[in-house]
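Chain nomenclature is as follows: A, B, C, D and E, assigned in order of appearance, with residue numbering initiated at 1 for each chain independently.
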Amino acid sequence: ACGKAGDDKKDSADSGSKTKIGLLLPENKTARYETLDKPLFIEAVKKDCADCEVVYNNAAGDVGQQKQQFEQQIADGIKVIAISSVDAEKSAAWVADAHKKGVKVVAYDRAIVGADAYVSHDNEKIGRLQGQAVLDALGSKAADANLVMINGDEKDPNAGLFKKGAHASLDGKIKIAYEASGEWDPKIAGEKMTAAISSVGKGKINAVYSANDGMAGGIITSLGNAGIKDIPVGGQDAELPGIQRIIAGTQTFTIYKSPKQLAPAAAQFAVNLLQGKDIGAQGKTDGVPSTLLEPTVVNKDNIESTVIKDGIYKAADVCVKDIAAKCTALGIK
Amino acid sequence: MVHVSQTPVLALRGVFKRFGAVQVLSGVDLEVHAGEVVALVGDNGAGKSTLVKTIAGVHPIDEGVIEWEGTKVDINRPHDAQNLGVATVYQDLALCDNLDVVANLFLGREIKKGGVLDEVAMEKRAQDLLSTLSIRIPSVRIPVAALSGGQRQVVAIARALVGNPKIVILDEPTAALGVEQTAQVLDLVERLREQNLGVILISHNMADVKAVADKVAVLRLGHNNGIFPVATTSHEEIIAAITGATDNAVTRRKSRSAEASK
Amino acid sequence: MVHVSQTPVLALRGVFKRFGAVQVLSGVDLEVHAGEVVALVGDNGAGKSTLVKTIAGVHPIDEGVIEWEGTKVDINRPHDAQNLGVATVYQDLALCDNLDVVANLFLGREIKKGGVLDEVAMEKRAQDLLSTLSIRIPSVRIPVAALSGGQRQVVAIARALVGNPKIVILDEPTAALGVEQTAQVLDLVERLREQNLGVILISHNMADVKAVADKVAVLRLGHNNGIFPVATTSHEEIIAAITGATDNAVTRRKSRSAEASK
Amino acid sequence: MSNTNEASATVPAQAAEAPAAAAGAVKVVDPRLLVREQGFKGYWTEFKRKVRSGEIGSLPVVVGLIIIGIVFQLETGNFLTSYNLDQITLYAAGPGIMAVGIVFVLLLGEIDLAVGSVAGLAGAMWAVVGTDIPDSLAIIVGILSGTVIGAFHGIVFAKIGVPAFVVTLAGFLGWAGLQTWVMGDKSTITTPLGSFVRDLTSYYFADVAAAYGLAVFVIVAFYLAQLRDSRRRKAAELPHRPQSEIILRTALLAVLCLLAAYAFNQEQGLPLSLVIFLAILVITDFVLRRTTYGRQIFAVGGGIEAARRAGINVSWIRISVFMISGTLGAVGGLFLASATGGADRSLGGGNQLMMCIAAAVIGGTSLFGGRGKVWSALLGILVIQSIVQGLNQMNLSSNAIQYMITGGVLLIAVIIDSVSRKTQKTAGRA
Amino acid sequence: MSNTNEASATVPAQAAEAPAAAAGAVKVVDPRLLVREQGFKGYWTEFKRKVRSGEIGSLPVVVGLIIIGIVFQLETGNFLTSYNLDQITLYAAGPGIMAVGIVFVLLLGEIDLAVGSVAGLAGAMWAVVGTDIPDSLAIIVGILSGTVIGAFHGIVFAKIGVPAFVVTLAGFLGWAGLQTWVMGDKSTITTPLGSFVRDLTSYYFADVAAAYGLAVFVIVAFYLAQLRDSRRRKAAELPHRPQSEIILRTALLAVLCLLAAYAFNQEQGLPLSLVIFLAILVITDFVLRRTTYGRQIFAVGGGIEAARRAGINVSWIRISVFMISGTLGAVGGLFLASATGGADRSLGGGNQLMMCIAAAVIGGTSLFGGRGKVWSALLGILVIQSIVQGLNQMNLSSNAIQYMITGGVLLIAVIIDSVSRKTQKTAGRA
C-alpha cells in the first residue's frame, strides 16, 4: 500500500472500487466472528468473484468505533458493505447517508431498516426454540416445574429478542421462579445462579434457561457447587465447551446457527450488489429483501449430524480425554 | 516605648485544645495590644504553635474565649482570622510548593486589573518586598520548592505583609535566616510596632526576644507560666520559667564551660 | 583540642552543581578530619544545604572530586553515603510523616530478631535516645506528623545517632529547638568529637558556632569565601565574610541600638 | 469581591513606607542565574540546555504525534490526508472536551471516574426529554444534568470527605445504571433531523474564508497579546521576551494554523466541532491562567493545607471543579451522541473513560495535582484518535492486536514524555 | 543483609556511652497524655472518646456489614443462610486476593489498573498451555505470567518514571488484548476434570473437625501471640495491653470463628478457597507489619524523598510491589476461572477491576499511600460480594437498577467510613 496519498483517495472516491467489499463485525468477545464468520465470508466471496477483496474491521462492541469504520470504508471507495451492526437503529441513519453516496449495505445477522439486503437467523425464533427445548426436556414434569431464566445483556437488542421468544413459548406452561440478566458474562451468570438457588431453594429448581453457552458454563459450575445435578440446562451458539458439556451430560441442548449458511448467503448478496445483479433473496423483512435461516436445536442425539458433519468441529477436538468414553457411547467419531 | 491602648486588640481567655489523647492547651490566657510586641516563649512542645494556630483559625478551640477589640469572636477557619486582620507566618511556612514565588506571595490577595490577574504589577511588587528583606532569590518565577530554607522563610514573612493586618503573628520567623536577614526581620518587627500593629513573636532566641519584645509570655506544658515585662526581667528568670527549673542543661552547660575556661 | 589526623576523612575538591538555570556551587573545597567540628556558614541561599546534599548523595555532583579517607569515591545515592559512614540531619528533616517516632528513628536500620522486627527493643531504645536529648513527646507511637517543630527536629537528630557513622552532618540542627534542647545538642556535638567523629555543623547562630566548632568554612554565592580557625577569629570577621561587606544590616542595626541606648 | 481584593492588595503599607529598609536592599535576582546570550546563537544554546535538563514542555508529545503521522502514512499510504484530519478532529471533539474537564480535576490532584457515565447519562437525558420539549431546552437539560451530578460528586467529596476516587467510582456505576433506566425500553434514540446536536459534528462552515479567517484571527491575536505583554514587562523593568522571539513563535503558529485551514478547506470546510472545542480550550485556559479562580485551583492542587491557610475556600474550589468536569462531561456526551447518530445505552461506556484520562495525562498533566494545562487535552486526544484511526485503516486481522498496539503506543508516548521529565527531575526541578 | 543491619543497629555508641547526658534526661512520655483508667469503666470512657475522635479503625465497615446482612435478610427472608455464606466466600476469594495485591500498591500511593486484565491473561495462559503440559506446570506458568507482567509494570514505572496510572492503564488495554490473542479461536476453555484449579473453589474439607480445628487454631494462636507481646512489653517496662483486654479480644474472635466454622459445617465443610485466602492474608499481613520490607513499603508510601534519604532502594520496593500485585492478580485470575468453570475471553474484564479497588478502599486503605492493611481487602470484598449476592437474590427487574443500588450502597458504606475519619481529622490525626 504505497503511492501518493492524495490521488489515491480522489480516484477511489470518484469511481468507487469494483472489487472491494467491506465486512464490519460488531465484537470480539465471542470467538465466532473472527474465527468463523470472517473466514467463511471471505472464502465465499472468493468463490463468487475471484478478484474481489474483503476489507474487514471489528468494532469491539463500540458504536462510535463502528461508525468510524463504516465511514472510513466509504471514504476508501468501497461500494458494498456487509455490516453486523453493534446498534441497528443507529446504523439505519448511516445507511441512509451511505445511499446518498451510492453505497449499498448488506445487513449481516442483525436487521437494519433501509438496508439493501438482510441475512439472518431469526432471533425471536431462536428464543422460541430454546423455550420449547426446555419444555421438551422436562416433558410431562414441566407443568409444576420451577425454571430459572438467565437472559443476555439488556444493552444488547438481540438479547431482548431471545428473551421475548423464550417467554412466548414458556409463559403459562412452566413456573418461572427466578429471572435475571447474566450480561453475557459467565461469572455474573454464575453469581445469579447462586442467588437463584438461595432464593428458590436447592431442591426446588427443575430447569435452567441460559441465553447462551458462555453463561451456561458459569451456571453449571454454580449448580455443581450446590450439588444440583441432572436438571435440564440449555444454551445457544453451539460453542465447543457447550457441545462437550452436552456430551458429558451437564448441559442439555444448545442452538446451532450455522455460519456455514449465513456467511455464504451474505457474501452472495454482497457480490451480486457489487456486480449489479439481482440479489436473489427469499423474501422481504420490513421491506428489506432478506433470507432468514433456520436455527437448529442441538442435543446429545444430533451432534454428529450437525456441528461435526458441517465441519465446525472435528470429532477429535470434541472428544478429549474426559469425555472420550461418552463420545463413543453416542457414536461420535 | 510606644503608647499602649486600653482594650487589647486580641485577647485569649482560658483556651483549651486537645488532639486525640493529648491535652495540648489547658486554660491559656494572652493579651496583645496595638503597638505592642509580645514574645511567646516556651519549651519544645509547650503548645506555642498550637496556640497560634487556634488564633489563625487553623484549629478551632475546644473551650475558652477569643476576644477581638473587646468583643467575643468565633474563629473557625483561616479565612475568619484573615478577615479580622490577623496575618500569620507559620512555623512550617505553609507555602504552595508548585506555585512560583510571586503566586505564593499574593495567594488569596491577587492584584487584578479588570478582573484579570495583573502579573506584571505583582512581579514588580514581589521584587520590592523581597529586596526590603535583603534576600537574593534566583528568580521570582521559580517554584518555591526550589528555594533554600531561608529563602522560603523570607517568602512566608513577606506574604504576611501583603494586605492590611492589625496583628502579625510570627512563629519562629528567624529560625532559618542568616544574620543579615535576621537583622532585617527584627527591624521589620520594630517598624510594625511603629505603625501601631500588634505583634506576637515566637522565638527560642532570647537575644532576639530581648531586643524587640515589650513583654514575654511563657508557656509551659500547655499552661501559662508567667508574663514578664522585658525591660525588668533577666535572661535567667525567663529560662527558669521555660524549663521549670533553675538547674537545667543550659545552666549546667554554662557552668561547665566556665570551669573549662578557668 | 583533640588530635587531628593527617588525611581528612572527607574532602571535597572543586565541586560544581547546577540546578536548571542556576549555578548553585562553583568549585567548592572542604575538608573534614576525624575528631574535628567544621562549621559551615553562609548567607541564605549560599549553597550550604546543597553542598551537604551532594555529600549525602541526595544530589550527585556535576563536576569535582569527593575523597573519602584519601581515595576518590562516587556518591550517587543516599545509600552510598550511608555505606561510607555519613549520617545526615537534613534541614527539611526528611521524616516519613505517616510512620511513628520509633519507625522513623530506625528506618533503614531496624532492629531484628530472627528476621522479624523487634518492636519492643526498638521502642525501648527510642525512649532512651530521646531522653538523652531532653525532649518530651506525647508517645513514641504517635506519627511524626503530629509532633511540634522542635520535636520533629530532635527525632531527626536522634535518627543520625542510630548506626555507626564516621561523619555526622547537621544542617541547622538547632533551628527549631528550645534553649535546653539546644544545649543538649551542643553537648552532643562535643561528645561526637570526643569519640573522634568528624562533624559538619551548619548554623546561622554565631554563638553556637563559636562554642563548639574548631574551624569555620564560609560559603558565599556558591564559592568558598575563606576558612577560619575559630579560636583566633572574631565574630565580626566571620560576618563580614558571610555578607561580603563590612557595612551590612547587622552592623547598621548594632550602631542604631548603640545610639539609642546612649 | 474582586474590588476589595484589589484595594487591599495595592497598599503595601509597612514595607513601602520604610525608607530605612530600602537602604539595605539587595537586587532580588540572584547573580548565579545563567542568562541567555543575545541573538539566535543564544536561543540554540538555551534550547540545548533545556532539552538536556528536560524543560521542554509539550515537545515530546508533539514529536510523538509527528512520528505517529509518518509511521501510519508509510504503512497505509493514505493516512496524512485532509479527509483523515477532518475525521480525527470530528471524533476527537467529544472525548477531548471530556478530557478538558478531567484536566481540571487532575489539577486538584483528584480523579473523576464518572465522566464517561455522565456523558452517557447526559446524552440519554437530552434524547429522552427531547421527544417532548424543544431541542434547545433538551440540550440545556442534558448539560445541566451533568452540572448537577458534578455538584453532587463535589459535595460528597469536599463536605463529607469521601475520597473523590470512590465517589466517582460509585458514580461510574450509578449513572450508567441511571442512563439505562432513563433510556427505558429503547436501546437507541436516533438524533432528530433538525436537532442542533446533529450539527455538532456534521455542520461545516463551508465558505473557504471561514477557516482562513479563523486562522488569521488566531495568529494576529496571539501576536498582539505577546507583544503587549512584552511591552508592559519592559516598561516595568522586568525580564521580557525580545521582539525576535515573539516573531519566531508567531511564525510557527501561523504555519500550523494556515496548513490546518488549507486542509479543512480541501474537504468540507471548517468543522463546527473544532470551533467549539477550540473555544472551550481558550476559555478554560484563560480561566486557569489569568483569573484568581484558576490560581486557587493550582494552589489547592499544590497543597490543601497551604491553600486553606491562605484563606482559600477549598470546599468551594473542589465542588466547582467537579461541576466543571460534570458539565464538560455532559457536553462531551452530546458530541458523542452526535458523532454516532444518537443516544444509546452504551454511550460513554467501554474504554471511553480511560481514553479521556489517558489523553489528559499523555498531554502532560500531572496526576498528582498542581501541574498541567488544558492544551494537554487537545494534544493527548489527537495522539489517541490518530492511533485509533490509523489502526482502523491498517485493517488488522484481529482486534486483540489492535488493543495491544493501542496499549503499546500509549505507553511509548508517555515513556518519551516521562524520560524527558526525568531529566528535569535530576536537574532539580521536580 | 539482615545480619549486618542487626549488628549496626544494636550499637548505640555515642548516646549510650554518655552518662553525662543521662543526668539531664527527662521522661520521654508527655505528662499531658491522657491515660485510660483501670477496669471496664476505663474501656468504656476510652471507647467513647475514640468513637468521638474517630479512632475506631474498621468498626464502621463491620457495622456496615452487619446492617447489610440484616437488611437483606429482612428483604429476602433467606439471606443469612449457611449456603449464602459459603457462596459469598467462594466468589469473594478471587477478587479478594486481587484486592490484597491492590492494597500493596495503594500503600505506595500508586494504583494498578491492570490487575483485572492480568487476571484474565493468567487464566488464559493457564488454560491454553494446560492443554499441552501437566496441570501443575500450567498453573505455575499462569501465575508467573502475572509476576513477569508486574515486574514489567514496576520497571517502567520505577526506572523510566512513567506514572503507574498510565503504565497500568496501558496494561489494562494491552493485556486484555493479549488475553484474547492467547485464547485464539476459543471463547471458553473449560477447566479439565482433574485440574487443581477446579478444586480451588469446589474442594471442601468435608470433615467437621477441619473447620472447627482451624477455628480453634486461629483463636489459640491469636491469644498466645498477644500474651507473649504483652509480657515482653511489660518486661521492658513499656505500655502493654492488660490481661483482661487480651481475653476480651480473644473472646470476640472466638465467637466469630466458631460461628463461621459451624456455618460451613452445615454445608459442605471448610472451603479450600477460604483457607488459601486466609493464608495469603496472614502471610501478607506478617510481611507488611513485621518485616523490614513491609516497613519500607510504608515508608515509600509516606514520602518517597524521605524514604530515599533513609537509604531505602525505592525502585526495588516499587518494582517488587508491582510484582506482588501482578502475582496476586494472576492467582485471583485462577480463582475466577475456577469459579466460572473455565477461562474465557471476558474473564477479569467488566467491573472486576473497579470492584477490587473499591474493596481495598472501603476496607479503609488510603488511596494516598502509607495507610492501610491487607485485612481491608477481606472486609471490603465481603461488603461488595454481600451486596451483589443480596441484590441478585432480590431479583430486581433490571440490571440498571441493580447497578444504581450497588453504586449507592458502596457510596453509603464509604460515607459512613469517611464521616468517622473526618472526626478524626478535626481531632488532629490526619
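As a convention for this text, a contact is a pair of C-beta atoms (placed from the backbone, for glycine too) under 8 Å apart; a residue touches a chain by one contact, two chains touch by 3 or more.
Note that the structure is a prediction, hence the values are computed from the model and not measured.
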Request  = Using the contact definition stated above, find the chains touching both chain A and chain B.
outcome  = D, E
Message = Suppose chain centres are the mean of their C-alpha atoms. Which chain sits farthest from chain D?
response = C
Ask   = More C-beta contacts across A-E or across B-E?
value = A-E
Ask   = Per the centroid of Cα atoms for each chain, what is the distance between chain B and chain C, given in Å?
value = 26
Gap in Å, rounded to a whole number, between the CA centres of chain C and chain A = 74
Query = Per the centroid of Cα atoms for each chain, what is the distance between chain B and chain E, given in Å?
reply = 45
Task = Using mean C-alpha positions as chain centres, tell me how far chain B is from chain D in Å, no decimals.
result = 42
Query = What are the residues of chain D that contact at least two other chains?
reply = 24, 30-33, 180, 351, 398-400, 402-403, 428-429
Task = Two or more other chains in contact with one residue: find those residues in chain C.
result = 19-22, 45, 134-139, 146, 180, 184, 187, 221, 248-249, 252
Task = Provide the list of chain A residues touching at least two other chains, using ranges where the numbers run on.
result = 28, 34, 154
Key: Residue ranges of chain A touching chain E (in the complex, touch as defined)   = 28-32, 34-35, 154, 178-181, 183-188, 190-192, 194-199, 202, 213-214, 217-218, 220-221, 224-227, 239-241, 244-245, 320-322
Query = If you look only at chain E, which of its residues touch chain A in the complex?
reply = 76, 78-79, 81, 83-84, 87, 90-91, 180, 183-190, 192-193, 201-202, 268, 336, 339-342, 344-347, 350, 352, 388-389, 392-393, 395-396, 398-400
Request  = Can you check the complex and tell me which residues of chain B touch chain C?
outcome  = 19-22, 42-46, 49-50, 91-92, 134-139, 142, 146-151, 154, 172, 175-184, 186-187, 204-206, 211, 239, 242-243, 248-250, 252-253, 257
Ask   = Which of the residues in chain A end up touching chain D in this complex?
value = 1-3, 5-6, 8-9, 28, 34, 55-58, 60-65, 67-69, 71-72, 75-76, 87-90, 92-94, 154-155, 157, 160
Ask   = What residues on chain D touch chain B, complex-wise?
value = 2, 5-6, 8-18, 20-22, 24-33, 229, 232-233, 236-238, 290-292, 295-296, 298-299, 301-303, 305-313, 369-371, 428-430
